[in-house]
Amino acid sequence: MTSYVYRPSASPSAAADWDRGRVLRTNIRAILGRAYPRVIGSTREKSWIFFEIALPFLTTSAFVFVYRSLQAPPEYIGFVVLGGAMTAFWLNVMWMMAAQLYWEKDQGNLELYFTAPIDLMSVLLGMAVGGLFASLIRAAVVLGVGTAVYGVVFVVDQWLLLLAVFALTLTALYGLGMVLASLFLLWGREAWNLTQLFQEPIYFVSGLNFPVGRLGFLGALAIATIPLAVGLDAMRQLAFPPGSLPFGTPPPDVEALILVVMTAVFLYAARVMIRFLERLARQEGRLIARGR
Amino acid sequence: MSGVEGSSTPGKVAAGLRGRADFDPARAEGHGLADSRRAFTTSVRLGWQIESNWTDPLLFLIFLVARPVASALILIVMLEVISGGANRDLRAFVITGSALWSFVVAGMAGLAWSVLDDRERYRTLKYLVVSPSTLVVMLLGRGTARVASGAMGAMIAIGVGIVFLGVPFDVTRVDWGLLVPVMVVGLASIVALGLLLAATVLQSRQDSWSYPDAVAGALFLVVGAIFPLTVLPGALQAVGLLVPLTWWLEGVRQALFPGALSSIGGAGSFYAQVTGRLTPSGGEVIIVLLATTAIVTLAAATIYGVSERRARDRGLFDRTTGS
Amino acid sequence: MPSSPVTPPAIDVRELRRVYKAKPDDVTALDGIDLRVESGEFFGLLGPNGAGKTTLIKILTTLLLPTSGAARVFGFDVVADTKKIRRIMNMVAGGEQSGYGLLTTREQLWMFSQFYGMPVRDGWRRVDELIEAVGLSEQRGQKVHTLSTGERQKMNFARGLLNDPWVFFLDEPTLGLDVSAARAVRELVVAWKAAVPGRTILLTTHYMAEADELCERLAIVDRGRILAIGSPAELKKRVQRESLFRLELTSLGRGVAALAALPGVVSATLAGDQAEAPDDRQTVIVNLALSDDSALGGVISALGPLGAHIVALQKSEPTLEDVFVELVGRGFTQEAGDAGVFPAPGAASEARTGRDAIAAVHARETAEDGATADEDERAGATVEPAREPVEPVAPRR
């Protein structure tokens, strides 16, 4: 006979009483659990390898040829390659995270996530981690192949800082993604359009293919608010010969600090937003339920 | 009174549902082109509503313009960073190229996103498939709305380029005789590429929203949208010359800005080496555009047919594939 | 299993109200509900669409906040103790289409096992056990988007059991399922309840026979209010003050008046359809209302002297729909299209049998009570006597 009992407990009160360790373990498992379909989905249907890795490399190449047509210094080719690699993460945040709660609602999953004994942040993180799998591959291919094909030379003195900046950029970026996910759920159908609306303008103000410092005030504003802008600029400063180009932006260690602040602010904001969203959903009774 | 309601409501329902009692074989025959026309116009109307009614007109306008203008600005800053304001011709070249390219992206994405929208979000794709209308006609209708919004965005972006970014434009010099046929045939080639993408996403998972962008981005490299093809290695230039969009862009540029920088020709270009001429003439552009569009359209129709058959074979019309 | 003295009620709802903001007028989904479900009970909420059942489930499963009043699940407040409630409950809704189409059944369930904090291997093991329990072994490697509606609901059921819930909310779990799939789901519910008798189930349904078959106690809900609570038998007793029998005789020489005069017989009437065409029939059908079952013996003894022989004798049981009709003065089906029709063979005739009996009782009672003309019309409009012969129905419980 089937054992329906999973974990015998004396009473409902005992079953509901979880210590911090169990809460933490459950949330970590939830992150991995939610990441699972993303990773498995990638292996089930492999067209993304062509569309999300090979083709974006060609897009990056197009911008390389723009600089080549202008006989730009070789560092600019490196800028484009680095920008092309980092694009993968921004696209992941926008397409597979910010808009995702809305899709989850559409698929009828969101109600089930809400009733599970986990923090919704874990679900969002799981989406991010799952999406990161494909994004990392894409970024690595663009960076690796781009460097090899276009002869980019990186001169890195502070590897540790570079890695820290990269990691901080991702945490800040995904923190922003979490905030956007809640906002997009609130905005409903507009989320889809907002994803598109933000894509290119964010590329522009982040200095995707050029030093963001050239945008003057707009660039400074971007460095203060957009993780992609500040992270990309810091990485460029750390990856190319110091003093070879006029970046016109704060030094990388200061930018790393900005990223730390951004990470904290976005994660806190995400938490507040999710709490707000959950409360609103429970009050209004319509935010998380698929319209049937 | 409930008794009265009870007797009258079913009566009304029955009356509403009442049709011809006998089977009408003519219904199975359909009305050919009239059916297709009706399906197309309905889909266009629906597509436009989906496209535009999600927000107020101001945000919709920003939505239309943001992408092409931001794309152009990225390139303008790239030019400025390297050559300052020195190269005005190239500046005009990239502004028009990137603005027109946003139209291409919209056109290509329209059909593919209709498939994904209807299958994954609205879950109506199966109902479209089983209706007497042809699916591809309805997808074309839905795609048209996005083409229209893309065209509006492109026009506004070019307008912004002319008014604010110094793109030289003289309406009296526009070659309408070239512009009209090039736009018509070019549109067909864009739609054909969109059909190819629709065929692809019919087979792929929900997360393939970005595929149209990826394909358009890759074509960006070889069509001379943002730099003349001469910059590319010969082989890539040759590939570019096989793509109808390359000829479309060249034709639109020649028509709107006579004497502007050519994306195909120029000293040392593959085109010049092969033909012995520096730039293609308007007539040549139209002929090659027609020929390449015909090939792409034929390929798209064939591949779409195969994809639709495979979707029926594997029951892909009513699945959801999110992850 | 009776609840232990220290265990708070599984569900304790007091003065619960929920109002949805809507235009032009706000909608009151729950209008001051009081409900107590003990630990270990199989409790049902029966009502038509829009009665407020799902709203109540949503509040209890922490998906929705009450507008006012209080609701507790095993003593945990639905507003303040959200997390604790989520650890001990689970839910399955009918018509659920959740899931990721590219995952297999097994993978989909494993993903959810992680949401309940199961170690990786434990998760897979539990998933395999439940897959077998719900009868999806053959579909374990099948992608979710290829499952049939019934299989998908079985998968949802397995998902709902992953965390071994102390209280299991089933919101119209057989909605949209065919007869055999619905039966399979009901059997699963019963099997689970039998295996873990201490667990509580709250089932909402608009299938009356489903509620009748499954629930130990149930509440009849309509327009945001609970109209009656009790076991199905108790509820049915409310509308059955007399014992009702349908008697088919070879003939009845001196007419029904002779039967009506017997001791313990409250009323004896010819079935309605015979009044229209008595001459065409080989037999006579009499509806008997007796003060008590024991009066039946006297009736049967009297038949011989009256020259009548019994062809068939059938006791008429009221159904829960009859209870609903009694309580609100209208049937389910008048409220909501397909509602109220239990998707099982013979169900329709069951309903008719009861309704037939209730019609007589109800009409007479309202008349005796000096009911208003409106009430009479309502009873007449709502309760239609059966026109065709009905099959005897075996007791279900």
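All chains are identified by letter, namely A, B and C, in their written order; residue positions are counted from 1 within each chain.
Methods note: contacts are C-beta pairs under 8 Å (C-beta built on N, C-alpha and C of every residue); 3 or more make two chains touch, one makes a residue touch a chain.
The shown structure was predicted, so the numbers you read here are calculated from the model rather than taken from an experiment.
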item: Core chain by centroid distance, with centroids computed from Cα atoms only; value: A
item: Selected interface, B-C versus A-C, where C-beta contact pairs are more numerous; value: A-C
item: Centroid distance [mean C-alpha coordinates] between chain B and chain A, Å; value: 29
item: Intercentroid distance (Cα basis), chain C paired with chain A, Å; value: 49
item: Centroid distance [mean C-alpha coordinates] between chain C and chain B, Å; value: 55
item: Set of chain A residues in contact with two or more other chains; value: 37, 40-41, 44-45, 107
item: For chain B, residues contacting two or more additional chains; value: 205-206, 320-323
item: Numbers and ranges of chain C residues touching at least 2 other chains; value: 97, 100, 102-103
item: Complex contact set, residues of chain C against chain B; value: 97, 100-103, 145-146, 330, 334, 377-378, 380-382
item: Residues on chain A engaged by chain C in the complex (per definition of touch); value: 1-7, 11-13, 15-18, 22, 25-26, 29-30, 32-34, 36-37, 40-41, 44-45, 107-109, 111-118, 279, 281-285, 288-290, 292
item: Touching residues on chain B, where the partner in the complex is chain C; value: 1-3, 6, 205-206, 315, 319-323
item: Residues of chain C touching chain A in the complex; value: 4, 6-7, 10, 18, 20-21, 39, 55, 58, 61-65, 74-76, 81, 83-91, 93, 95-100, 102-103, 107-108, 110-120, 126, 129-130, 132-133, 159, 161-164, 166-167, 191-192, 195-196
item: Touching residues (chain side chain B, partner chain A) in the complex; value: 54-55, 62-63, 66-67, 70-71, 73-75, 77-83, 87, 90, 94, 120-121, 200, 203-211, 214-215, 217-218, 220-221, 225-228, 231-232, 320-323
